[in-house]
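Residue numbering begins at 1 within each chain, and the chains themselves are lettered A, B and C in the order written.
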Amino acid sequence: MSSVEPTLGWARWRRSWWYHAVFYAQTWRGSVVSSVLFPVFYLASLGIGVGHLVAHHHGLVEGQTYLRYIAPSLLATTTFQLGEGESLWPVLASVKWIRVYHAAAATPLEPRDILYGKLSWVVTRSFLTGVVYTAIIAAFGAVESWWGLTLPFIGALITLAFAAPLTAYAARVESDASFTMIYRFAFVPMFLFSATFYPISAYPGFLRPVVQLVPLYHGVALVRAAAFGQGSVLVQLTHVAVLGAIALAGVAWGRVTLRRRLVD
Amino acid sequence: MATRVLPAFGSRRSIHIFERNFYAYRSQWLMFVSGFFEPLFYLLSIGIGLNHLVGPQLVGGRLVSYATFVAPGMLATSAMNGAVIDSIFNPFFRLKISHTYDAVLSTPLDVTDVALGEVWWALSRAALYAASFIVCMVLLGDTTSWWVVLCWPGALLASLAFTCVGLAGCTYVRSWQDFDVVTLVQLPLFLFSGTFFPITLYPRWLGAIVSVSPLYQAAALLRGLATGQFDALMILRAGYLVALGLAGLWLAARRFRAILAP
Amino acid sequence: MTAQGGARDIVLEARGLVKRFGAFEAVRGVDFAIARGECFGFLGPNGAGKTSTMRMISAVSRPTEGSLTIFGLDPRTHGPAIRGRIGVVPQDDSLELELSVRLNIEIYGRYFDLPRRVLRERADELLEFARLTERANSKVDDLSGGMKRRLTIARALVNRPDLLILDEPTTGLDPQARHLLWERLYRLKREGVTLIITTHYMDEAEQLCDRLVVMDNGTIVAEGAPRELIERHSSREVIELRFGTDTPEQIRVALATHAERVEVLPDRVLLYVEDGDVALRAVHGSGLTPVSSLVRRSSLEDVFLRLTGRTLVD
């Protein structure tokens, strides 16, 4: 133990990051499978299988084969699921059932250090998953632009935009009763309706603005633009701004709820 | 071996396990209702987007819309997913975490009754889900024939097979982390069992492997029923599901005995 | 067997009972018979084979060898009929934590095919008996340990059993909760219910049991009434001596001259004597200086130590 406690910054919350990393190291097998193998399964089934049917009937989708068209969106859905999966139940478990965050709060760590450590670890994982996944879809030929190099960063941003507010929410509830509802009525529809598996033009005109309100839609649009090097920079910056604003608001909210839960 | 006086597949008393679950889940009715929406969302999403991209498919020599092709597969998937909750997830909790069954076994109920009772419970929930799903298929226009009502007993057959196999599988689960393995089986089954595209797209050898999948057999059976395209093969498919169910229940009861009353 | 044996009304009888799990032999051929209205105890440390024996006599787990009759029936073939007349209080309660106290009794009663109307009345009675009437609608999860155990006993009585089997009924309870529980068990006994209890508490066995067996390593090492066992296997009184550090061999030899028997435990020395005060004076007279000393009557603990060379509760 060092004799002088650093007062702020990475020097403090890296311990929380480290705790999450060590914990993960013991249980990584299942989640490596789910975060790398599962999108590849989807890619094979929908991209190759359904893609074959699409090629016969419809031809190209927005100038791409169907496989290439959905390859980047699966990065968005995977990083979204990573952010959501690491937030609700695991956070409630940490603050209520097994109370490891209470144990951490009894050390020199402040609640915000625990929050930053947790979120930065999830983002780290997301980034690493993004690197592997980008390499895989590049091998399928689904990355056509040097902008593709930004895909792991976009993935990390998507993860943070979900992990931050959901962590904040999970830190303030008393039971997991609402989680299943959130999962079924928010996450599943988001996964299916964010123009993930077909262009937004498939929706009737009046529904399109509604779809554009969905956070994941901005992630899907962003990864697609980056992979294909399409679209105006200004539009992409809007998507980044939306996701970034959600992430920042989530972090700020999380500082409040976690402090209330652990200290007050 | 002891003389087998007790029925191998449980007795009338198994109904009390159903009752127990009814009381235990009574306060969670919202969760049950909500569970029905997931496959509906899939149907809607496919109807909106993929229907246009993919175009009509051949079923039993007749062309049907892609949504009509996929809907029975979603119904079968819903049977599988329901079984994962009702026969793996929840019974695992009662078997290894809360030790509910230990208390049950000091009453006149036998392990076979416990296993059978869980099957009753899973099947009744499946019956409700399947019925409302079929109504949605009709409302969304994803059916071509009134024969679709036969999908209801068909879906129950699928649920029977998945539930019993799941119940046997549940006894091999050691901790919550093993559920990663469950998902690792569930997702490829969902994606590759001819639910989204006909298995004729596969090379012949791969198609042969896929046809072993109970989800494929269930989807193919339901597709025939939903479109009113009957053939002799459907009897084989139904037989396959029943056989899987009986084998699963038999193994489940054996494994339950090994764990609960060694 | 004992003086009471012979033409009694036998509820349960085991002959050469064996339970093996693979290569491990948990119960190695035990014989006992339990009479109607009796309170019969199984005493022994963890791993002695008590729980395996309990599970066999609850007609849940099947004996590997030997014969077992309960109410004159063979549990291998008449399991449901036998279990219909037994009440079981398992060690870990295994209650339905998410359900109300009342529902726990009623649902359990349904397993015995009892009609709902009957169950509603019985639940009222049993809640009264377990002093849980005010908590009837509470979630079990919110009850204290003692309340949960009382509920488990109430639940086990829902079928009005002729035989009640309790596995470590008071483990983990505070003294007050234990005494309340004992009082309820006396009441049942007065009403003619046959009780079978496992415990590793000596006082509990002495208080409750008419007769008991001491189990060790899967076998029965002694059988009889508590006082009878103490008289047979121990002296009248015991002196407990503590020395500052560990007890050197010389002290042990020196002490041996003052007692019928000496046991050296890690933290103390036990001297088995007829008259404790006389012997203690003699110890002091011989120049030994224990840090503390205590004279008490012999207990089942001493019987167990004598028979197995080990203490019951570490």
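The definition used in the following text is that a contact is a pair of C-beta atoms (placed from the backbone, for glycine too) under 8 Å apart; a residue touches a chain by one contact, two chains touch by 3 or more.
In this text the structure is predicted, and so the values were computed from the model without any measurement.
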item: Category of the chain touch graph - line, ring, star, complete, other; value: line
item: Identity of the chain that, by mean CA position, is farthest from chain A; value: C
item: Chain B and chain C, separation of their C-alpha mean positions in angstrom; value: 47
item: Whole-Å gap separating chain A and chain B, where each centre is the average of the chain's CA atoms; value: 31
item: CA centroid of chain A to CA centroid of chain C, Å; value: 56
item: In chain C, residues with contacts to at least two other chains; value: none
item: Parts of chain B lying in touch with chain A, wherever the complex brings them together; value: 30-31, 34-35, 37-38, 41-42, 44-45, 48-50, 52-57, 66, 177, 180-181, 183-184, 187-188, 191-192, 196-197, 201
item: Contact set on chain A toward chain B in their complex; value: 27, 29-31, 33-34, 37-38, 41-42, 44-46, 49-50, 52-54, 56-58, 61, 66, 180-181, 184-185, 188-189, 192-193, 197-199, 202-203
item: Residues of chain B that touch chain C when the two form their complex; value: 2-3, 5-6, 11, 13, 16, 19-20, 23-24, 98-100, 102-110, 260-262
item: Chain B-touching residues of chain C, taken from the complex the two chains share; value: 21, 55, 58, 60-62, 76-81, 83-84, 86, 88, 90, 92, 94-99, 103, 107-108, 110-113, 155-156, 159
